[in-house]
Structures are given as structure tokens and as C-alpha cells.
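Please go over the structures that come below.
Look at the two complexes coming up: chain A is in both, with chain B in one and chain C in the other.
After this line comes the complex of A and B, so read on.
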């Protein structure tokens, strides 16, 4: 089920909220689990089997790890943990990377691997987080299978995260503070996320796809940059919108997930960028890959190796393509340069200039990210810097500038904390007039999102006569 | 539940619940619609749950389609999103349609597939060569995007069609090729194309006819026409595609003066009609179907012109409103739409004793459609292929 379509917004969500409020606290987790299973089955019942198997396997593995940890059987615990991580990784690799791996080592594939199940990159990472946290003693395993199943499958986060750490969520699954006020706050976040995704990201996406369909060999510098900017902002609005919705849904049902995006495009360094972009993924790699490898408390050489492992994996996590690996390495290179070469130099540069260059570097990274292959990415980057193509600004560039300029400016302003701080200042006022304004604004966002939700399905069906 | 010190504010919750529940009630109460006039398509209906649709997961997708197709005030939502995109964000194209100046909507032509275009041109040349005794003529009409350049959005990329049409005309052998690009550009202020539909107007078709007629050795000046406006509330395909509904087009028909009794027969229907105009369609969304009732595999028009000439018109929908100009000059006109007709060109030429052959297409269809090549494949080619 998609969070941005009619059934979820107009039926599933209000019904879930009402049912949840009417259900006794003891069985609320069971209710959320049932809703989550229905949510998964709605689009692809086959995924239910796979997710079910993953739940059963990880539930028992976590219990076993808990047992071994209490009994202080370290070697057995390590063995079980390794098996558990290997099994989850194998599942992910099979569905997501199998064909890519075979192609990479020169084996043509003549059979089809089943469709990638929804949220596999997210729920396998959640499961690994659970196994590690239980094994380390950060958090005891969830004894109640309903609770554990809910941790893996909660409908707010199953499709696109955030990857909530087991130790953070398990406590909340056992007991959480539920107030009507949290529904209010959760719905606000949900509506903001919905409109970010449907209104802004959807429109930017159309512009980006139009630019990408242009002939690359004759692309001007302006067109190439506009395309890259459309994509960079689309990706931000799409993913952060999604995260807002997921966190909002969590809040509605009493969970408190930490934020996944924190205005990444006002970062003043790449290190800062990765503290603000897809925070939960960065935290996962930090906690379950980087630190276990020794983190930064090792020799400089070893530290660089550790970082390389993290960034190759981060790249690959985004998809089975060499472009993602290159994108990961690009960020690795920038981070290393920042960390080891430019640390003191950067401090002398005014913050605004650092923000500008960090943004530009991130945009360049996204061009590698959105390219279908390395050679396309290379040609696209050449166009961005004026090699080949048709000059600085041609009529195609002017066309996209007039056609997408306003939206782009809106999106850039919206990516800064300006609007949010203005909004929260009005929101804090107790007066009825202020509350009425805020409510009207959210109603407008909800109705606007509905317009895009409905009209995006207006089919481009041409008459039979054409 | 913890007691609340202050009574919490629930404005957003109430607003959200009221809005969604209102729409849920409307959805339950309002009867489902079968057809959308604005979009000109059948709307999705309530899906039926079966064990197959549940296990394969199609039920959820079908239900989503049903819910959004039947969503209350569907047209108003699409207008609202059009308004946001074009007025607020200033976007210049929507779903493959340019939002031009003065509300002029223009189809953005698709890129032609070179190889299949080449095959098509060779197929036409082969037919011309095989049937040397017939007068062959071809007219590929540029789309509005190539002619109404003054109405394109600012800085819209220059149309590639003029160049493409030049290239096409050069590759024909033994067939008269009528390129109306220059003529149309000269007359671009005369409403040659609908503002909200991808077709040309009768006025555009008439202008092309004056040029094509001389290529076909027809004395076009002899005929005078009565021009009638039959609709002033036409919103065509481009309106539906883009979601822009701010302009109403006028449809005119050109009826040859004097007595020209005709009989029109459709290969996919048993009825015969005395006119090429099917006025019932003026009461529907699809008003352009006034001309010949839309597309059919083969339409046969029999006239009393007594000119000993029989025309085969191989065409797309642009020719539907062109037929009104041809009736005074041929005893019989066989109108073939290769997209729906599975007969071969050889069979039809021999069966009807064709004397004249006219290909009439708009550039976008001509360059992308592949059914014409299949239709033109000659019988000898087939036997050669089967030998291989």
C-alpha cells in the first residue's frame, strides 16, 4: 500500500486512528501488527510470506542471543550472531544484487529473480540492528512475538524507513506514552510530508525527467545544472517527505522516531551533510559497521580502510549499480579530504561560502547517483562544466529556467529552516486566530496534496483516433 | 492514559478527520460513473475480490485505481493541480503537451524511430513503383508545434519537424509529395489548428486541400463551400491530457455547394449514411468524431461525381475532416486506416480498381506509427520473405 494514495490517506489512516483509540492499551500492539500485515498484503501478498519468515527467523535468533549473552557463552553467541547477520544479508543480496553480481563477474542471466519485496533494504537492516543490540546487551530481546513482529513490520516505516535502532524502538513497543496531543503533532508531520512528496517532489520529478530525455550531446551548461538541481531537490523532497510521513505516523501511534533529515542543504561541510541527510542510515552504518571495525580509534591507515568499507557499502545499499559505488567513493574522497587535508583551512572560510560549496558538491554527487551508467554520468558532468554541448545558456536552458525556475526557487527556500521556524513561531501562539491560520494552512496542504494525488492518475489516454 | 494538565489542542486532528470522513461519505453515497467526459475514457469500476486477485496482489492496485477514478469532484482536483503547476509554478508543459500562449495547447511530437521510418519510406516507394499507372500523392501535415511557433511557450525548443519533413520529401521516388509547411506558416493566423485538440481545423484542412488538389490534378477552384459553425464548446484531447480547460474551440464544417449526394459505408458497421458528418457526436466530448464518426478500418464513400476516378485514401485521423473536400471529385473514395485495417494494399487496389492514391497523415503519427509499413508490405515481398 502506498502512503501517498487515496486508500491510505482517506480510508486506512483514519480508520487506524479511530480503531487505535478505541482499543484497550494491552492489545494495541496486536492491532498495529494486524494493520501492518494488511498494509503489506494489500499490494503484494507474496511479500507477507517473506517478511513472515524473516520475522520468525530473527525472533528466535534474538531470543537465542539473549539466552547466550545471559549465560556468557561468548563464542556461541558470536557464531549465532554471525549466522543471523549472514542470513539477513543473504536475503538482501539475493533479491537486490544477485543479477548485478552475476553480470559483474561476466555471467549472463537467463532466469528471473522474483520482484524485490517491499522495504527489503529497510527491514533486513532493522533485523540486523536487533540482533546486534541484543547480542551486545544494549537491549533485551522482545519476548512477545507480536511485539517483535511489530518492530519489523510497522506500516509507517516498512516501505522506506527510517531504520529505527532496535534499542530505541523496543522500549517504546513495550511501553509508550500515548496522548491525543501526539495524534495532532503526528498528523501535522504527515500532512507536511505528503505535500512535500506529492506537490513539490512530483512536479520537480517531471521537470527532471524532461531534462534527462534531452539529447546529452548538445546539452548546455545551464540545462545540465538545472537538471541536476531539479533532481537534487526532488530527491530531498521525496525522501524527506516520506520520512516526515513515517515519523508522523509513528507519532500518531505513540512512537517517537528521531528525525531522518535535518535541512541537509544548509550543511557547511560534507561531514555536516552526512549528519543531516538520511540520518538513520548513517547511524546504522556507524553503529553496526564502522564502530565494530574499530571506528576512528585505530591507526590512520586502518581508519581509512574502515571508512572505505562503510562508503562502498553505503553506495551499494542504494542500488545494484556501479554508479552507486562510485557515488559512495566520491563522498568518501570528499570526507577524507575534509578530515585530513582541509580541516583548518575550512574554518577560515565564511559559513555561507562553505554552505554554497557543500551544496554544489552534493549536487555533483547526485548526478552520478541518477545516471544509469558511469559513462552517462561522465558525459553529464562534462556538460555541467562546459565541455562539449552547446555553450553556457541556449534556448533549451532558458526554457527550463522559465518553466521550472519558480518551483526551483520555492523548493530551495523550503529546504532551509526559514519556513519551519516561521511556522513554529506562529504555532506557539495560543490565540484562536493563530490556530485558525495554522489549521487553514494545513487544510490547504491536505487539499492541495489531494489534487496532485488524484490528477497524477489522470491517464494520458489518447483517443483511439490518434 | 495520562491525565492532561491543559486540554490539548486538536485543531488539525479535527480538520483532518472531518475532511477525510466527508469524502468517504460522499464516496459511499455518490453513484459510480462509467465514463469521464473530460478525460474521454472509461473509469475504473469497483474491483471484484477473487482468490486470484488477492493472491496476486492485483486487488489492491485495482482498488486504488477505482478509488481515485471515482473520487468526488475528480475534474475539479485536476483543474486545481493544473492551476498550481501552470500559474503558481509556471510550468510550460504537462503530460507531453505545451501550455502555449493565449491558452494554445500543442502536442509535443515524439522522437521518430529512424529505422522504422526508413522502412516505411521504402514501403511507400515500393508501392509507387509496383502500381505505376496510378497517381500517387502524399501529404504529411506538420503539427501545430511546428507551425504555431508564435504561440509556443517562451524559449520552447525549436521544432524538428520542418527538417524532418524536408528529409522525408527528398526520399520519395515517383510520388508527388505535397509539403504544406510554408503555406501553413504564411496562414498561421487563420486558426489552422484547434487550441485544445491535436487535430487541424476544417480551415486548416481546406488550406491543405487547395495545395494537394493541384498535385492530384483536381480543379479545386470550381467548388464553393457553405461554411457552418456546428459547435463552439469543443475541448479536445490536449485539454484532457494537460488538465487545462480554459478554452473552448469552434468546429466548422465545409459543405460543397450544390447537389452532391453521397453514400457512406463503414466496414465495421452495417449502417449506411448519406453524410460524412455524424452530428450525434457533437453532444459528446469527442466532438471531432463528427467527421466520419472517428476512425474505422475502411470507409467507402460513393458519390455521383461521375469522374471515372476512384481514390484510395490511406490516412490517420487528420484525414477525417479532409474527406469533405474530396467528395465532388471522385466516384468512389476508399478511406483506409492501417491502424485498424488488416487487409493488404494489393488486395484493396485490385478490388476497387483504384486510379488515385493519397497518403494523408499528420507528422507525429506518420513518423511513429508502424502499422502503415505492415499494410503496405506487397504480396511479392511476402512470398520472398517466406522463401527465406
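After this line comes the complex of A and C, so read on.
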């Protein structure tokens, strides 16, 4: 089931809220779990079996780790943690990377691998977070299997995250409150996310796919840049839209998930960009890979190795393709240059110029990211910088500029904090007129999103495939 | 004692997951050495092709969002007019990792066509719902919508077995 389908928005969600409200507090987690399992099974019953078995494996592993930690059996605990992480990783590798790995080493065997289970990258990372947090003593294991299963499978976050750390969510699973304020706030955030995804990302996506279908050998500089800009903004609106919806859903049911995006396109350096883009993934790699490897409190050489491991894994996490690895290495290179060579120099440059260049560097990175292979990425980048193709601006470029220019400008303005701060200022006003304006605004957003939902074949969330 | 019980339970779940994965994995099928052009000719001959025309690489990109140059072989016959839905796609993967991408592209194409004819194109909807076949095996992907779709699928299955 997708969060952007009419059935989910107008039937599943209202029914879930109503049932949740009417259910006694003691059995609310069981109800949310049932709803989550129904949500998963709606898409594919096979996914339910696999996720169910993953839940059972990780539940008992977490209990055992808790037991061993209390008994101070360090060696045994390390072994159980290692096997737990290995089993989760094996599941992820099999479904996402097995064929890629075989082909990379030249084995041309064709496997009929089953479809990748829904949200596998997200639920395995959530499970690993749980095992690490329990093993480190950051949070005791959830003894109630219903509570644990809900942590892994909550329908708000299973498709595309955010990857909520176990130590952050476990307390909320044990105790949280659903209030009128939380439902209202959650619904508003959900509607904002829905409209970001359906209205803006959907429209930008159509333009991007049209550009990508153009003949690359005769593409002008303007068309290539427009295509890259369409994609960069589409990806932001698609994924941040989903994150808003997921955080909003959590809020409705009393959870408080941290934000996953913080206006990344106003970052003034790549380091800043990665503090604002897919924050939960960055935090996961920091806490469970980078810091255990030694983080930055090691020699410079070792630090570079640690960062390289993190960025190769970050690239690979997005998919089984060399383009993702190259994209990860591209960001690694930029971060290393910033960290070790340009740190003081960057401080002397005006912030607006830094923001502009950071944005351009991010767009170049997304070009590698959206390419199907390295040679396409290279050819596309060459067109962006004027090599080959049909000059600076041709009729095709003019067409995309006129048909997508206004949407592009709107999307750029919407990606800054301007609209959000204006909205929250109006929202805080208690006058009837201001509240009416806010209500009308959200009603309009929902209406517009519904029109897109009904009239269009909505593409699935881009990050769901990662 | 508790630890032993937990250990047994978790490995039992792991074993069950392993069995489930093995059961749902179609096993290995070596990449077929059949000549893609021969496979195309066999499948095309068995299909009802009056309402199809050959597509350029550009058209394949537009309709399926995939780049034919990335595949070992990629040919499409697409509907003759906007009111037709008959088509036939044959792909030989350059590597197995392309399978998921092709599956998604075919799903999206079929969804798009259904959306276009829903509520008014009775014949078209019948073809799309009851006479469409997608197969992916031995390194080949085959998709068709035509009144003889089942025969085309049989021809495909037969052709990829021939060296």
C-alpha cells in the first residue's frame, strides 16, 4: 500500500485514527501492529512472512544481548551481536546486491530473485540499530514482542524511513500520548508532505523523465542543466515529502520522530549539506559505523579510511549500481577537500556564494546518482559543461525553460525556509481570520493533492527503491 | 538457560527465513545462448501484429524510460495508433541486475496504458487485462499485449531454450 493512494488517505488513515482513539491504551500498540501488518500484506503477503521472520530473529537476538549484557558476558555478547548484524546484512545483501555482486565478478548466472521486500533497507537498519543499542546498554530490549514488532514495522516509516534509532523510539513505544494537538499537527504535516510529493515532485518528475528521454548526443547545455535541476528538486520534494508524511503519521499516533530534512539546498558547504539531507541515514552511519571505527579521534590516515568506508557504504545503500558507489566517492572527495584543504578559505567567501556553489556541487552529484551507468553519467556531465551536444541553448532547451521555468522557480523558493517560516508565523496567530486562512490553505493543499492522486498514475516513492 | 532458549529461537527464525528465501527463489537458470533476433522472430511470428509497428530507440526511451543501448538486445513493436494497445518487447539483459529495472518499466507502462483506457476503452482494457504477458527468464525479458499473447509466451519459452 502506498501513502499516496486514495485508499490510504481517505480510508485506511481515518479508520486507523478512529480505531486507535477508541481502543484502550493498553492494546493500542497491538492495534498499530495489526494495522502495520495489514499495510505490509496489502502490497505483498510474501513481504509479511519475511519481515515477520526478521522480527522474530531480531527480537530474540535483542533479548539475548540484554541478558548477556546484564550477566557481563562480554565475549559472548560480542559474538551474538556480530552474528545478529551479519544475518541482517546477509538478508539485505541477498535481496539488493546478490545479482550485482555476481555480475561484478563476471558470473553470468541468472537468478530469479524474489522482489525486494518493502522497505528492506530501512527495517534491517532499524533492526541493527536495536541490536547495537541493546548491546551497548543505551536502551534495554523491548520484552513485549508486540512492542518490538511495532518498532520494526510501524506503517508510517517502514516504506522509506526515517530510520529511527531504537533508543529514540523504544521509550515512545512504551509510553506516548495521542492528543488533539498531536493529531492536528500530524495531519498538517502529512498534508504538506502529500502535496510536496504529488503536486511538486510529480510535476518535476514528468519534466525530468522527458529530458532524460531526449537524445543525449544532441543535448544542449541548457537542457542538460534543466534536467539535472528538475531531478535534484524532484528528489528533494519526493523524499522530504515522504519524510514529512511519515513524521506526521508518527505524530498522529503520539510518536515524535526527528526531522529528516532541514532545507538542504541552502547549505553553505557539503558538510552542512549532509547535516541537512537524509539526517536519519547520516546519523545511523555516524553512530553505528563511523564512531565504532574510531571516528575522527584517530590519525589522519585512519580518519580518511573511516570516512571512505562510510561513504562507499552510503553510496551502496542507495542501490546495486556502480553509479551509487561513484556518487558516494564524489561526496567523500568533496568532504575531504573541505575538511583538510579548504576549511579556512571557505570562511572568507560570502555565504550566498558558498550556498550557490554547494547547490551546484549537489546537482552535479545527483547527475551521477540518476544515471543508469557511469558512461551515461560522464556523457551527461560533458553536455552540462558544453562538450558535444547542440550548443548553449537550443529549441528543446527553450521549450523546457518555458514549460518548466515557473515550476522550477517555485520549487527553488519552496526549498528555502521562507515559506515554512511564513506559514508557522501565521499558524501561531490566534485570530479567527488567521486560523481560517490556515484551515483554508490546508484544505486547498489536500484538494489539490487529491486531484493529482486521482488524475495521475503516481510513481512510487523514489527512496522506497533504495 | 534463558540465553540458550533465545539462541534456539533466533536461529530457528533464521533457518525459517532461509527456507522461505530458497523456496521463493527460482533457482538458477543459466543465461540462454539463443540468438535474440531468432527469439524475436519466433515470438513476433506467433503474435497478432496487425496493430504494431517497430519502435526507434528514442521511442523505447519515451515509452519505457529505458535506454536500449544499455542492453545486449532491445527491440519493441509498439501500437500503430493511439487507440491501439498491441505491443511486443524483447530484451536480453547485459547483466542480471537489469531485471528489476525492466520489471518496473514494464509495470509502469502497463499501468499507464490501463489508466489511459480505463472507463472507455472496453476492447483495449480487455487486451491489457487478459492478453498481456510478462516473462523474465534465462537472461531475457519478454512482454507483449496482443490477442495471441499466450501463444507468443509459449514461443518465447521455446525459443530461449534453443542454442
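In this section, the second predicted complex is superposed on the first by the 456 of 466 C-alpha atoms of A that agree within 3 Å, B and C clash if a C-alpha of one lies under 4 Å from a C-alpha of the other, contacts with A are read in each partner's own complex, and residues count from 1 in each chain.
One rule holds for everything that comes next: a residue touches a chain if its C-beta (ideal position, glycine included) is under 8 Å from a C-beta of that chain, and two chains touch if they have at least 3 such contacts.
This one's a predicted model, so the numbers in the text were calculated from it and none came from an experiment.
Participant: Sticking to the clash and touch definitions up top, decide whether chain B and chain C on chain A clash or fit.
Facilitator: Clash: chain B and chain C overlap once superposed on chain A.
Participant: When the two structures are overlaid on chain A, which partner does A:42 contact: first (chain B), second (chain C), both, or neither?
Facilitator: first
Participant: Touch check for A:262: first (chain B), second (chain C), both, or neither?
Facilitator: neither
Participant: With both structures placed on chain A, which of the two partners, chain B or chain C, ends up touching more residues of chain A?
Facilitator: B
Participant: With the two complexes superposed on chain A, say which partner A:287 touches: chain B (first), chain C (second), both, or neither.
Facilitator: Neither chain B nor chain C is touched by A:287.
Participant: For A:67, decide between first (touching chain B), second (touching chain C), both and neither.
Facilitator: After superposition on chain A, A:67 lies in contact with chain C alone.
Participant: Name the contact category of A:53: first (chain B only), second (chain C only), both, or neither.
Facilitator: Only chain C is touched by A:53; chain B is not.
Participant: Applying the document's definition of touch, where does A:402 land relative to chain B and chain C: first, second, both, or neither?
Facilitator: First partner only.
Participant: Stretches 3-11, 21-29, 39-47 or 75-83 of chain B: which one clashes with chain C?
Facilitator: 39-47
Participant: Go through chain A and flag every residue that touches chain B in one model and chain C in the other.
Facilitator: Chain A residues touching both partners: 46, 457, 459, 465.
Participant: What does chain C use to touch chain A in their complex?
Facilitator: Touching chain A: residues 2-3, 6-7, 9-10, 13-14, 16-17, 20-21, 24-31, 58, 61-62, 65, 67, 70, 93, 95-97, 99-101, 103-104, 108, 111-112, 115, 136-139 of chain C.
Participant: Write out the stretch or stretches of chain A touching chain B in their complex.
Facilitator: That would be residues 1-2, 5-7, 9-11, 13-14, 17, 25, 41-46, 177-181, 183-184, 187-188, 191, 199, 203, 206-207, 210, 395-396, 398-399, 401-407, 410, 435-436, 438-439, 442-443, 446-448, 450-466 of chain A.
Participant: Sort out for me which residues of chain B touch chain A in the complex.
Facilitator: 1-2, 4, 8-13, 15-17, 19-21, 23-24, 27, 39-41, 54-57, 60-61, 63-65, 67-69, 71, 74, 77-78, 80-82, 84-85, 88-96, 153-158, 198, 237, 240-241, 243, 286, 288-289, 294-295, 316-317, 320, 365
Participant: Would you pull the chain A residues touching chain C in the complex into a rising list?
Facilitator: Interface residues on the chain A side: 46, 49-50, 53-54, 56-58, 60-61, 63-64, 67-68, 76, 80, 84, 87, 91, 94, 99-100, 102-103, 108-116, 209, 212-213, 215, 320-321, 372-373, 376, 457, 459, 465.
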